[in-house]
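Right after this note come the structures.
Both complexes shown next keep chain A, but they swap its partner, so chain B is in the first and chain C is in the second.
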Partner chain A sequence: MLLSIENVHRRYALPRTHLFRAPPVIPAVQGISLTLDRGEILGIVGESGSGKSTLARMVMGFERPDRGRVWLNGQDSATLPRAARRQTQMVFQDPYDSLDPRRSIGWSVAEPLLATSMTTTERHARAADRLARVGLSPADMARYPHEFSGGQRQRIAIARAIAPDPALLVADEPVAALDVSVQAQVLNLLMDLNRTMGLAMLFISHDLAVVASIADRIAVMQHGRIVETGPTAQIVAAPEHPYTQALFAAA
Partner chain B sequence: MTLLILRRLLGFALTLLAISAAVFFLMNVLPGDPAMVILGIESTEDARAALRDQLGLNDPVIWRYLAWLGGAVQGDFGVSYSFKVPVAELIAERLPMTLALAGLATVVTVALALVLGVYAATHHGRAGDWAVMAFSQLGIAIPAFWLSMLLVILFAVTLRWLPPGGFPGWDDPIAALRALILPATALALVQSAVLARVTRSAMLEVMRQTYIRTATATGLSPARVMWRHALPNALVPIVTIIGMQVANLVTGTIVIENVFYLPGLGRLVFQAISNRDLITVQAMVTLFAAIVVTANFLVDLAYLWIDPRLRART
Partner chain C sequence: MLEVSGLSVAFKAGLALRGAALTLAKGERLGIAGESGSGKTLLGLSLLGMAPEAAHVTGSVQFDGQELVGAPETALRSLRGQRIAMVFQEPLSALNPLRRVGDLIAEPLRLHRGLSRAAALDRAAALLAEVGLPDPTARLRQYPHEMSGGQRQRVTIALALACDPDLLIADEPTTALDVQVAAHILDLLRDLSTRRRMALILISHDLRAIARVTDRLAILYGGDIVEQGPTADVLAAPRHPYTQGLIAARPVLSASRDRRQPLPTIPGNVPALADLPPGCRFSGRCPVELPHCHSTRPTGNPACHREAT
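What follows is the complex of A and B.
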């Protein structure tokens, strides 16, 4: 088992609105349990505000759950040392602003490898290989982010994420900011990486059709809870929960 | 890229030309008779008139400016009315001291401001942030000459760590450096107070950007994200302010050199003005302007280095 999420909860306290009353609290995630095997793609779908990104942040260890645990490779993610944390990488929604504008893309893709024992030549070769895998030319390494389109930048962000050979990729709305024609290309790329590198994915989207096109299994989230989960074929063929049926109607 | 640099160089030359002309014509409408300065008040009007004629002071202003400019581009700024030696010689003697003072002050300003500004930004809203902001508020409020006196009383008179003023010459570099520490600090503290604020707010702005979050997410250490991603991206406003502060530091040397009895350009300018030594003042003001314009030229070049998008756009 690569990832095991055990009954996690996360609440956010909003700024106090009244001097003598407790500040309002948003229960963003309320008791979620999930597992993910090596090489598997688990899709998380739910409307805006259902707590998907909050769940992703806890998996990445950016935030600790108030209750419950996240296990990565049998280790508690809250106490994982930084080196082990490189085993999980993340791709974000906004490709336009996710790369440092001052650094060439070769530099950015190679940077996560700095803390490893690799030599400069090895890092360079790895960066070139990863750019090639996402469909860019290693000759592009000296170019800067502003010279690329949104879809290309998302590919570069993916190349950087897979540079340290992670076992798990958390992708939070990775195609939501892209044109529909480009979306399919990036989804194909992710499936390709899943197959060739055995990369497991936690794939998050508000769009059930997108999730269904890539995931092996789907978990449907609403108000911080999982209302339905199962193999993609089953969810698509016979959605049980009314919320899932509503998502299909919307798609 | 080369084209861009050439264009900036041309602008640089034109700015200097405009400044020297403006200074020359301003000097001309100021009261004061160079012949009187040279010959003294005992001199006869005939002798003064003869000298004015000899100095070419009766020629049209534009003609005199062109003659002065022709000399200046060859390093000949004329002969000082009061010191009676070539102005170029006066400047050459004093320039190293002032450049060293302004340079040292710039280094102290930038180093102090970056450390304080980055520290405040990474401790936003916490005690360290408040402390830096309080220091900066204090630094902005205190006049440099008053700060100089405080520094002298503390470090020279009470603790006796550093000399209170004067300059031992360059033969002993250690002693020379020791003589420059207090004046450079007095110059730098005020400027670094301003620059630390700018650094802090520029850093806070950049730290909100997505690429900082994504860099952190790849597993980099927070220190690396701060110094290798956030700070370099915050540099544009910081470098802009540094460029403006170089002007303050250079003109600030006039006050500081007089407080600390340092034989630099600042003292010379002071003496030249009180002696109505217009030809020296003319050269000095043009020189100060040249230093400031050079600093701004370097800032423009720095932008090219900072932002790859500017480099491409030529």
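What follows is the complex of A and C.
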């Protein structure tokens, strides 16, 4: 088991509205349990506010759950040493925000390797290899983000994420900002990396059709809970929960 | 009612819109579909004389017999908001955060229709009810930030309807919204158009949204209308290679999909404005390209040299 999420909860306090009253609280995630095997793609579907990004942030260790545990490779992620954290990498929705505009592509892709024992030459070679894997040319290393289109930037962000050889990629709405014709290219790339590198993925999206095209299993989230989970073919053929059915009707 | 012919918009880098031709009858619903950089938003803005200042607009836009290209700003201003209204993607930036919803909607009514404040607020409440907001009278006193994204988009639609326009242009009105909320807003737009016999232009990258609302569809690529026709026909039997690729590339829900098979894609990226080919804009990415496609611009509908052979 690569990832095991055990009954995690996370609440956020809103700003105080009254001086003498406790601030209002939003329960973003209310008791979620999930597992993910090596090389598996688990799709999380839900609308904004369903808690799917909070879940991703807890898996990444950006936030601690209030209750429950996240286990990575059998280790509690709360006490994971930094080197082991490199096992999980993330790709975000907006490829315009996730790359430093003042750094060359080669620098950005190699940056996650700076804290490793790799030499400069090794890092350079790794970055070139990763750019080739995502369909760009190692010659692009000297170029800057503004010279690339949205789809190409998302490829660069993916190259950066796979630079340290992670076992798990958390992808939060990775194609939502892309045009339809480019979306399919990036989805194909992710499936290709899943096959060739054995990369497991937590693939998060609001779009059921997108998730169903890539995931082995799907978990449907609503109001911080999982309302339905199962193999993709089963969920698509016979959605059981009314909320899942409503998502189908809207798709 | 609306007749667009030879509408071109030139920037320094090149032609962002090349001789667009469209017609729209009263009460008709037209979808304009395209990816980013296709010129769809620019087309919408040009219809209202709102193209950016750096742009050079030529051609003709006739609205009820009145020529809008090159028309004086005062003439355009009296059309905008009154006879032609527009709804944008991000409702939060279209609504003044410091003013109550009631006052926002009442303002055009007081300005254009000369209603008293009380009469304008009454009318505003009726409009909020018409766009499906429950408890409209209480809503009048709310501020935009007190509402959800879907409710705010309903408010911008109510605002657009205030002066009973003959044409509503909605540019990506549901892109910022969740799937289910988006579906409700789209249904609302379609119903309003039917009830009010109001023409609607829906600009979107999302073919599902356009299929849900419109009767006719124009597909834009690189500033060219590559294909237009009845929405159902174009989506069921696309004839232009770009439309075919676009429809094939959409992720569809299918229980039988084999995940080892890659999804169909359109190869390459949309070129930058300055790098668009002079002939067919889609040449270079087209799977069935002919030798002269790159240099000679195809005409007709669909605008494709293959059709002519």
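FYI, the second predicted complex is superposed on the first by the 251 of 251 C-alpha atoms of A that agree within 3 Å, B and C clash if a C-alpha of one lies under 4 Å from a C-alpha of the other, contacts with A are read in each partner's own complex, and residues count from 1 in each chain.
Note that a residue touches a chain if its C-beta (ideal position, glycine included) is under 8 Å from a C-beta of that chain, and two chains touch if they have at least 3 such contacts.
Fair warning: this is a prediction, and the values are worked out from it, not measured in the lab.
Between chain B and chain C, C touches the greater number of residues of chain A.
Judged by the touch definition given at the top, the superposed model places A:Ser213 against chain C, while chain B stays out of reach. Within the superposed three-chain model, A:Ser98 lies in touch with chain B and out of touch with chain C [touch as defined at top]. In the superposition on chain A, contact is made by A:Tyr144 with chain B only, not with chain C.
In the superposition on chain A, A:Ala78 makes contact with neither chain B nor chain C. In the three-chain superposition model, chain A touches chain B and chain C at no common residue.
On the side of chain A, the complex with chain C involves touching residues 47-48, 149-152, 179-185, 187-188, 191-192, 195, 206-210, 212-214, 216, 232-233, 236-237, 246-251.
Those residues of chain B that touch chain A in the shared complex are 209-211, 213-215, 217-221, 224, 229, 232-233, 306-309, 312. For chain C in complex with chain A, the touching residues are 35-36, 178-180, 182-183, 205, 207-208, 245-246, 249-257, 259-260, 262-266, 269-270. The part of chain A that touches chain B in the complex is made up of residues 60, 62, 82-83, 85-86, 89-90, 92, 94, 97-104, 111-112, 114-115, 144, 146-147, 157, 160-161, 164.
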